[in-house]
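Following are the structures in question.
Two complexes, one shared chain (chain A), two partners (chain B, chain C).
Our next item is the complex of A and B:
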């Protein structure tokens, strides 16, 4: 059984049935120990999906949420407040983009870490906190416990956030662009650390990012999002080697590479639609080089081979 | 070929409570017509200080910048005006670099009216021309920035820079806040414009893949010093300096089967307030030896570039 199973999740901007949908009929599974990447451009809904899992969306979105999100078989959307409170930061924790916003600037790193460890019921808090900082490779952990967030670098702060996230030994960690604010060399080291921690704790990860380099490095499976829908999912190798949705193909082609110089980058004309102005049918059709009349209707999500699904009228044609 | 803009031993130190912070030390570079020079480094390496010096927003404490052979420090007021017309910036964030209350036409027209003696009619014609050159239409001139997406706003910023017919564009991370599909559009526009107008560009970036696409030559800066320079093809595939190799490893390829990095990055940038002795990179360098902590290697020419590393001298390293 999947650890996390999202079924037909739709998130609208308000309760009305015709309110614009930020997420439209999303289904996604995360198995124990695996890393699933959610990749897409800004406004695709990938962060909203990450937030919805813990019901952290603002009230107007929460009111417009329909569908089911099963955690070990229990629907998070119907969970009583007390169980939800226990789940947040307990079995499911989060790492967000800006560690300075996640940490409280007026408390020392140690006191914030101990707060999480206390919830986990650790007996010797001082010792546990030191061990937690050591586990995320922070040098001289005993001293750093007394430091305040502003006294640390961005990379170190993000390590502290991870240590807090790991305090209660979660089974799933939702990472929302955790390395976007970091320099490339720091990002590299942080991704390595996340992989180590994941292995050591046997955690699953739901990893929201816009960067295909990060996806290639850290994910087992990927879901590509466009305008609130998942347009393609598959094992990471399959998505990179054999992308079927024209959007996935175009995005991958538009990423410059260090290894060869192109004269021009293949590009997608236009810009992603805003939430209120999404085209009918396949939302990508106005920008799609392969669009035909049929694309004005929403294509069903088809399974091309086990684990690889795509929502595109043309993809199936080409396979057939 | 004569450089439009060149830096000679350029340095900028800031006075701080405990002494001096050397943001930039002994930087030499040349911007030549039609060529694109990349400047690469992590945050805090001095990229922004360099940009400010080149834009006359700050003055160097050592060395000088020359515009067509003449030191910027000695420019007369009219010459400074001509300089600003010839050297135009495009900044990272088009949400903060465009005045939200002005129509696009006015955003582009204002610097033209200040820097040139063109007539109103000539200016209007030029505004239409540059809007079309960046893939927008003359009609877009009557709209305000809020009506445009991030990618379109960056095109407006490029159009504004282009309007005074500059010889050099200073591009400071112009695509790093943009989505992938938009990034490709902007980079292509910049490349086309460069070819069409024979523009020189200085392209500041932290991303080696973008630099490979945009630049002919690259300088790599670490803690305010140039540690390596060379053709983009070499810097982005087979660099010599261990720092450049770490940067290259950190530029994650969009390929799940990419071979593991030979020199993975490690450690963090030391405080520029208290830079390491000897080679500034020795605290993070996997090849570091005793000599690296005591003597700073000079930037020495290699085949087609230059590198500042002791390792390049020792056969047995």
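Our next item is the complex of A and C:
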């Protein structure tokens, strides 16, 4: 059984059936110990998906949420408040995007970390906090516990945020673009650390990113999102070797590579549509180089190979 | 941190000194103090004697120095009114009534204002939020002399619940404190509501929720602690509103504080008393702002490391 199983999740901007949809009929599974990448441009709905899993979307979005999100077989969207509080942090945790903003400026790092450890019922909080900081490679953790967030660098703060996320030994951690705000060199250090931590804690990971380079480094499977829908999913190797959706190909082409140098990286013409103004049919067709008339209708999601699905009229065609 | 405290102390002292110069100069340009002090039947000899007595024949800078010197020794001159009371004694005797009224009003303002601001932010968009915002808008728009008179008319005269004016029991505090605090109450409410909304939408509140802590902890620990920083920043300004408001409110309620003393001494052109009141109020301001700075250092760790 999957750990997390999202079924036909639709999130609209309000309760009305014709309200614009941020997420449109999403289905996605995460197995224990697995890392699933969720890739897409800003505005594709990938962060909303992460917040929906914890039921932390703003009230208007919560009202417009339909579908099911099963956690070990139980629907999170129907969970009573008490189980939900246990779920958050304890079963599913999250690392947020901006380390400069995600720690509370008026409390010490130690107090914010201990708040999570206390919920996990650790007997010696001071010792547990020190160990938690040591685990994320923070030097002299005992002193660092007394520090305030503003006294730390971005990379250091993101480690603290990870330590808080791991404090209650969750089975799944959702990482919402955790490296976007970090310097390139720090990014890779941080990804390696995450991978180590994942192994040590036997966690599954849902990794939200816009960067296929990050996906290649850390993910087992990947789901590509465009304008609120999943357009292609598959194992990372398969997607890199045999991308089917023109949007996936365009994203892959935009990953800088050291093996064949280019003067300029290719880019996707135009901008992703805003939530209220998504085109009919395949939302990518106005920007798609392969678009045909049929693309004005929504293509079905078909399975090419076990685990590899795509929603595109022109998949399976041999395109030169 | 010690460096910051000594820095603030030096600033406070400089501000007080500058204010004494302003007060001194103002008292010299607004008229001849001798004409004010002498009775109508005084002769030219009396006049010369008084000028010598007050050292008015000396250059301005020496006069200022002796003004400061006397002030440092607690000598601010005498009231020109009948009784010739020592100006500082007069002001000091009125000070406790003013401070206690301002303290009651400020406490009421902070407790009720913070509570209303938090409730409005948490129930954003509901009828409670709308109600709180209307109350806050009214509170900032109603002039205090009008509010005071209407409260006296309704609560004291028509219903007979509280004394109309005067000073003495705790019942005497209620109406003046309500009147004095209304404007600040509205300001605190709006400030807390706005900063709570900011905090509730922040990433650190999101992280707190992700941790699974209770909603009460999210609101009162994580969001409120940050929302109070702007309130502390404005405390100096709130205190200023209370003191200037006191002139009106104390007059309306016949409250024996320095606000009413200021009003009375202005009406009777009692310059030594006006000077003393202004200087004492200035000193209170500076003290309040110093206290605010210290409080700020205590609640915001970022300030402790800032230069």
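What we mean here is this: the second predicted complex is superposed on the first by the 307 of 320 C-alpha atoms of A that agree within 3 Å, B and C clash if a C-alpha of one lies under 4 Å from a C-alpha of the other, contacts with A are read in each partner's own complex, and residues count from 1 in each chain.
We adopt the following convention: contacts are C-beta pairs under 8 Å (C-beta built on N, C-alpha and C of every residue); 3 or more make two chains touch, one makes a residue touch a chain.
Quantities reported herein were computed from a predicted structural model and do not represent experimental measurements.
**Q** Looking at the superposed three-chain arrangement on chain A, would you call chain B and chain C a clash or a fit?
**A** Here the two partners, once superposed via chain A, fit next to each other without clashing.
**Q** For A:107, using the defined touch cut-off, is the partner it touches chain B, chain C, both, or neither? Pick first, second, both or neither.
**A** second
**Q** Can you tell me whether chain B or chain C touches more residues on chain A?
**A** Ranking chain B and chain C by residues of chain A touched puts B first.
**Q** Classify the contacts of A:98 with the two partner chains as first (chain B alone), second (chain C alone), both, or neither.
**A** Only chain C is touched by A:98; chain B is not.
**Q** Is A:276 contacted by the first partner chain B, the second partner chain C, both or neither?
**A** Neither: A:276 stays clear of chain B and chain C.
**Q** Just to be sure I read the superposition right, which of the two partners does A:306 touch: chain B = first, chain C = second, or both, or neither?
**A** neither
**Q** So in the superposed three-chain picture, is A:187 touching just chain B, just chain C, both, or none of them (first/second/both/neither)?
**A** In the superposed model, A:187 contacts chain B only, not chain C.
**Q** Touch test for A:41: chain B only (first), chain C only (second), both, or neither?
**A** first
**Q** Go through the superposed model and pick first if A:73 touches only chain B, second if only chain C, both, or neither.
**A** neither
**Q** After the two structures are laid over each other on chain A, how near do the C-alpha atoms of chain B and chain C get, in Å?
**A** Here the least C-alpha separation of chain B and chain C stands at 8 Å.
**Q** With the touch criterion stated at the top, can you tell me which chain A residues are shared between the chain B interface and the chain C interface?
**A** Chain A residues touching both partners: none found.
**Q** Across the complex, what residues on chain B touch chain A?
**A** Interface residues on the chain B side: 42-43, 149, 151-152, 179-185, 187-188, 191, 206-210, 212-213, 232-233, 236-237, 246-258, 261, 264-266, 268-269.
**Q** Name, in rising order, each residue of chain A that touches chain B in their complex.
**A** 41-42, 153, 155-156, 183-189, 192, 210-217, 236-237, 240, 250-252, 254-269, 271-272
**Q** If we count contacts the way the header does, which residues on chain A are in touch with chain C in the complex?
**A** 54, 56, 85-90, 93-94, 96-98, 101-108, 115-116, 119, 148, 150-151, 161, 164-165, 167-168
**Q** Quick check on the complex: what are the chain C residues that touch chain A?
**A** So the residues of chain C touching chain A come out as 202-204, 206-214, 217, 222, 225-226, 229, 299-302, 305.
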